[in-house]
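Next come two complexes built around chain A: one with chain B, the other with chain C.
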Partner chain A sequence: MSGEARPTFAMYGAGSCGGCDIAVLNVHEKILEIGAAFEVVLWPVVMDAKYRDLEARPDSSIDLTLFSGGIRTDENADLARLLRRKTKLLVAFGSCAGEGCIPGLANLTPPAEILDTVYETVSTENPDHLRPGTQPNPGGPGQLAGFAAVLRTLDQVVDVDYFVPGCPPESPRIAEVLDLALAALRGGEDLPPRGAVLGAGESTVCDECARTRNVKQIAGFRRIQEIDHLDPTLCLLEQGIPCNGAATASGCGALCPTAGAQCVGCYGPVAGAIDGGARLMSAFASVAQARTAEEMDRILDGLVDPIGQFYRFGLAKSLLRASRSAWAAAGGEWGRR
Partner chain B sequence: MSGEQVASEPFEPVVIGFTCNWCSYRAADLAGTARIKYAPNVRLIRLMCSGRLDPTFILDALARGADGVLISGCHPGECHYVDQNLNTLRRFRMLERILPALGIEPQRVQLVWASAAEGTQLAHEIDRMVEEVRGLGPLDWPARMAAAGGRTGPGVSPVGWPAGSRGEPEPGAIKGATEPPGVHA
Partner chain C sequence: MSAGNGRPAGAAAAGVANEAGRPRIGVYVCHCGTNIAGTVDVAEVRRWAEERLADRGVVVARDYKFMCSSLGQELIEKDVAELGLDRVVVAACSPHMHEATFRGACARAGLNPYLCELVSIREQDSWVHTDGVAATAKARAILSGGVERVRHHEPLEPLRVHINPATLVVGGGIAGIQTALEIADAGFPVYLVEREPSIGGHMAQFDKTFPTLDCSACILTPRMYSAGSHPNVRLLTWSEVINVEGFVGSFKVTVLRKARYIDTDLCTGCGICQEKCPRKILDVVYEAGLGYRKGVYTPFPQAVPKYPVIDRANCTFFDNGKCKACEKFCPTGAIDFEQQDEIVTLEVGNIVLATGYELFDPRRIAQYGYGRLANVFTSLEFERLSNAAGPTQGRVVLRDGVTEPRTVGIIHCVGSRDRNFNNYCSAICCMQSLKFAHLVKEHTGATVYEFYIDMRTAAKAYDEFYQRVLEEGTIFVRGKVAEVTEVARTPEEEGKLVLQVEDTLIGRQRRIPVDMVILSCGLEPRHDTKKVAQLFGISCSADGWLIEKHPKLDPVATMEEGVFIAGCVSGPKDIPTSVAQGAAAAARVLGHIQQGELALEPIKAAVDPDVCSGCRICNGLCPFNAITFREDRMVSEVNPALCQGCGTCVAACPAGAMSGTCFSDEQILAQVEGLLLANLQGTAGREAVSA
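Coming up: the complex of A and B.
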């Protein structure tokens, strides 16, 4: 790429675990290609960069930004807006940015309760009773970033060009997405319409799963750790394990059921589903062997955490998005943004 | 309405009623022809069978401002599509399990079986449910979401992943992708 300017690249993590950054670094020898093909302008996990340098850049001067993480704090929201302004192709990268993921499950809990747990429980030493946004940080001039009433997905804050699902996205899918973006930026390839999901298939994890399915009727749910012997070739759902494969988008190659664990749904809802949890509930309801309310209740008693089962990754992007008690906090001190 | 009620309007709950074409919708119709009154708070939506009811419909109704959702279908054993109403029953029982975590009282989503001949019974069930929901007060989901500062309206990606968006690249689509991005304060 001598002579001509390379496309510019940024990656940023908001409310996330950092796993998406690791997943991008974990694309094996491809990472060398990325390093050679792109000029990295911001990637806090990899190199030092200052927000003021980012602010000083001309608008739309970053060709590709992979944004991981949901929007939970003032800082998350500020960076989302700033990166949107500076970026041509803004990608909601990974489950958190796209649908809230595990951090989004905190939308079931009122923010005050979350902060009490984090800042005031017995294992926390916090003599000055610091809280996000409310008190100066004694170690420096800044403030702890403010904490919003609910976590929002990236597209609930700014326009998003593409979504790449997965917790985290799988290496081959990441490589495909980067190749596509690179080809498009070099003018050799067209991109799908704005708002599309990249790096996932149109079908379900079940479609990619090699386990045998016979008649799908289940008499009860059990937790996988409660079972002594699992048939290694039979569909997990048929064995009573609540596997989310039927309503989860393909893309991972059915990693979890292949390894002997149920799919928990990290690739997000299958294409076309409006509410992933509702789709899963329908899927489970149609296989439950129950003809009365009592029979159904007995089956459901085996599902220890229903909302976690159906909305583990997608709560923040579901139709209701948060619990009533979390929304209730939005009007007051929490609702600044 | 008299002038004194203008200051604080009494709460009139909105209940969306999903009814089956062959039974409960006819029951409601029968109630109408027989001049049996039932609360006007219920807005009936006719499905060909209660088995068409996707949990998405219920969640969508609540997210768009309904205070309650009534689901009704033919009695077990009387569904015109063999036993699709048992699917409804299973979905409903499943949905009931997630509502507490979201802070939604069980009285806001109810399932009632009603045959085409049971106009009086259905009218009675509607009245009972409307009064229960009235007692609970407004659910007000859209206002809650707006207060949290989320984006609503045009330009917001729909919930869920867009359908048919994962296939082959569309020619010329990069133009759309590089439009001036929208930034929302």
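Coming up: the complex of A and C.
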């Protein structure tokens, strides 16, 4: 770093699919601006780097880290703590880091069962019975990272400065967030209070959805493939499609409902909502047109996968967090509240 | 972009709305005599609060025999003043009972009343448990929840609304008439809306009233006349309310005035039109199907107003354009076939619903044979038969119109106290049946049997009347009639109606042949009561009657501020009770009017328009019609004067845009944490909350 020091930037993916990295690269020509504006010190998807180099850096010497992925292994947790120490602005980037996302659904299953499925079923060739936490190379270096009992979100492990939701976050929102961060790092703009959500609207997906809506009354739920003729202009929920848009933070531009598919809730609940899934359940139940318990049962039977419906993205961050058996495997301890 | 999602799930924010940083909370535990202290160790709860909740801001904890007494309230007032309390938690009875009491005590001491929280350790604890140790632990938990909650309370100011002194009374039966007259006599304007052409209601159909046997018309018509001529009453008969908007103090009511086809400025009520009208129609309303009326008619001679109506559906002119006999003969030219229905908008401050009841339809009990066996009559038919102004001029005769019955059977509880129909007791049937027995004897001297389940004559002079009917020789058979049949088994039964009944007092099946059967039919909610409830924003019970705010302590109010109920609309009642309720509703309305302005509870829902996405999930849920959707801004809005703070919309809002004052997520979660923490005993949990 010489003369005019550029702000330093890191991006790291823990328990994630890598889609968040791709989303950042997908900001089109903006990526050139980012490359010019930041000095990239760690970004495994883009360039080679060693953990030991990261460890050698002075604390708080990285200006901005986008951390994607949930915390499932020892390695994830170590890197989360390390990056926290080295970073000024640590951002939980994407749904996995923020609320657990799809990998968080593994919290429904106790870890032993997950490992048995992955390492010991007939389709797996694993003669040495290697598992996370074991030494693959006896006498040699290296050890497979240990597998935690449950997946935790980033803020359940370390302090997080900001959250950027989405699975993945939409490119225009990423560009806005990076612009804001740059402006702030250059002293030009104040950041919102710590803990805030960046890159999402204040309202919900319905706010960005152009479909017409009426007073809601739901007589039953149907899956989208069960409907022959979907009204292209009417609210999906009113057509019996369990659309999560009403409980999901805006920011995506209502991409899915606009394309005729229900919102699955990847932008997470509106800022301040304690449990988005519970909110949505309560909303659906409120407008279900049932006069008897049997009618209500029939309507609810239309929701074939309740956890997938209400907690596809937010299970690890919800009030539920995990199934009882997974919770027991974690010793009933969640760590940071 | 906004803050908040980074908040740890489940943990209530630790910040407490108190400038000084630390709240100063007073805790008051009530013994309620032995109601609470008999089960809960009250002194132990107080001691525990003092010690263990000190770090949560509790600076004083007291227990007292009756916190609601003036001495108990003074304790609170004194502590607020001397110890500088800024929050108060009272552990006593349900907020329904004494929330207002303790809020009042705080207000007198200069503390905003909404900084006081009442937690129930009576209804929710001592009354429902017998294990004292467990109940005491529960009381600690409930109290701890209250303390955690009150830390998040904020001062609130009531909403003030102006009260329009005009009142709408819906229903012109005796209850509605009474309400209208009481308010009008106090000097305030009343609109009295009645669906039929005349006010009077069911009472106008009766001959005699129990137990005094006064002539019903003689005591009713003066009231009807007063209501019709009172300078402060505007009668809107042949009219129906079709829409209600607004809230207490300023309701806007839309009334449909059906065309009468009579120019009331010209009509003198002479009755010539009725005489000359060639069209005869079976009168199923006033004459209960026993008599006829004309196409142009007043239901009865003493009708108020005196003007007739032309029944468009049963008028030869409206059928085929011919006739006009009424027009030809009307001496004042008052017939006006061109008249149109009219929509009237009324602005009123309060509304009283007195829409009454309907008779149970005994066709639903096929084995009693009504509609199939000619000489089975309903109670209302008998009222008309025995009425001197009725279709038979008061002669009690069989369906043939000439034969007097020599034996009469009266069946009680028809459609009432019957799991197949209505579980409730219709309250008036025993007395009306006794009245019928007396009238049958008086008119015909016939032998009368009464078939009853239980005799219920519990009001002033009612049981004396029962004794009198007993002495008159009426035969009482205790048992529910199984069947009324005309199939004879013995020569004596030939040509008779036979009542098959188990006489439970002698333990035998009996068959009793009679000439006439009177079914003492129960009372049912009017078929459109649900619609009426919806229109006025109130609710019906499972039976279909309108629900009172409190069945004992607030029987004429409803959950909708400014909408009152009187008479049979809330359940079966006799005439004295209906009149008393009419007067009571009037007193409540006059109370509002006299205040001129009303302070409404500030516990309301509100929408954050920035967060609301206009998804419209809440729109159909509000039981008080307080939510409107603003198409222009694509957001939903709550009218604070209509909102009763029930929280239905708050729970339903998927965006969290809707919040309820005094029931915020923060307050409720803090209360839940408090409940749980009290059971942790250790301090670990405590730290978690304050973390």
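Keep in mind that, in the parts below, the second predicted complex is superposed on the first by the 321 of 337 C-alpha atoms of A that agree within 3 Å, B and C clash if a C-alpha of one lies under 4 Å from a C-alpha of the other, contacts with A are read in each partner's own complex, and residues count from 1 in each chain.
The rule is short, and it goes like this: contacts are C-beta pairs under 8 Å (C-beta built on N, C-alpha and C of every residue); 3 or more make two chains touch, one makes a residue touch a chain.
Since the model is a prediction, treat every value here as computed from it, not as a measurement.
Engineer: Could you look at A:112 and tell me whether it touches chain B, chain C, both or neither (first, second, both, neither)?
Structural biologist: Touch status of A:112: no partner.
Engineer: Should A:195 be classified as contacting the first partner (chain B), the second (chain C), both, or neither?
Structural biologist: After superposition on chain A, A:195 lies in contact with both partners, chain B and chain C.
Engineer: Go through the superposed model and pick first if A:31 touches only chain B, second if only chain C, both, or neither.
Structural biologist: A:31: touches no partner chain.
Engineer: When the two structures are laid over each other on chain A, which of chain B and chain C touches more residues of chain A?
Structural biologist: If we count touched residues of chain A for both partners, the winner is B.
Engineer: Could you look at A:207 and tell me whether it touches chain B, chain C, both or neither (first, second, both, neither)?
Structural biologist: So A:207 only meets chain C here.
Engineer: Contacts for A:297 in the overlay, against chain B (first) and chain C (second): which applies, first, second, both or neither?
Structural biologist: The answer is first: A:297 touches chain B but not chain C.
Engineer: Now for A:247: first (chain B), second (chain C), both, or neither, which partner does it touch?
Structural biologist: A:247 sits against chain C, while chain B stays out of touch.
Engineer: Which holds for A:81: it touches chain B only (first), chain C only (second), both, or neither?
Structural biologist: first
Engineer: Is A:323 in contact with chain B, with chain C, with both, or with neither (first, second, both, neither)?
Structural biologist: Once the two structures are laid over each other on A, A:323 reaches chain B alone.
Engineer: After the superposition on A, what does A:264 contact: first (chain B), second (chain C), both or neither?
Structural biologist: Neither partner.
Engineer: After overlaying the two complexes on chain A, where does the chain B footprint on chain A coincide with the chain C footprint?
Structural biologist: Residues 155, 160, 162-163, 165, 192-198, 200-202, 249, 268-269, 271-275, 279, 282, 286, 317-319, 321, 336-337 of chain A touch both chain B and chain C.
Engineer: Enumerate the contact residues on chain C facing chain A in the complex.
Structural biologist: Residues in contact with chain A: 1-11, 610-621, 629, 634, 648, 651-657, 665, 669, 688, 691.
Engineer: Using the touch definition up top, name the residues of chain B that touch chain A in the complex.
Structural biologist: Residue positions touching the partner: 54-56, 59-60, 62-63, 76, 83, 86-87, 89-91, 93-95, 97-98, 101-104, 139, 141, 144-145, 147-151, 155-174, 176-185.
Engineer: Spell out the residues on chain A that touch chain C in their complex, using ranges where they run on.
Structural biologist: 98, 155, 160, 162-163, 165, 192-207, 213-217, 235, 237, 245-247, 249-250, 268-275, 279-280, 282-283, 286-287, 317-319, 321, 336-337
Engineer: Can you name the residues of chain A that touch chain B in the complex?
Structural biologist: So the residues of chain A in touch with chain B come to 60, 81, 84-85, 87-90, 108, 148-150, 152, 155-163, 165, 180, 184, 189-198, 200-202, 249, 268-269, 271-279, 281-282, 284-286, 288, 290-293, 296-297, 300, 303, 306-307, 310-311, 317-325, 327-328, 330-331, 334-337.
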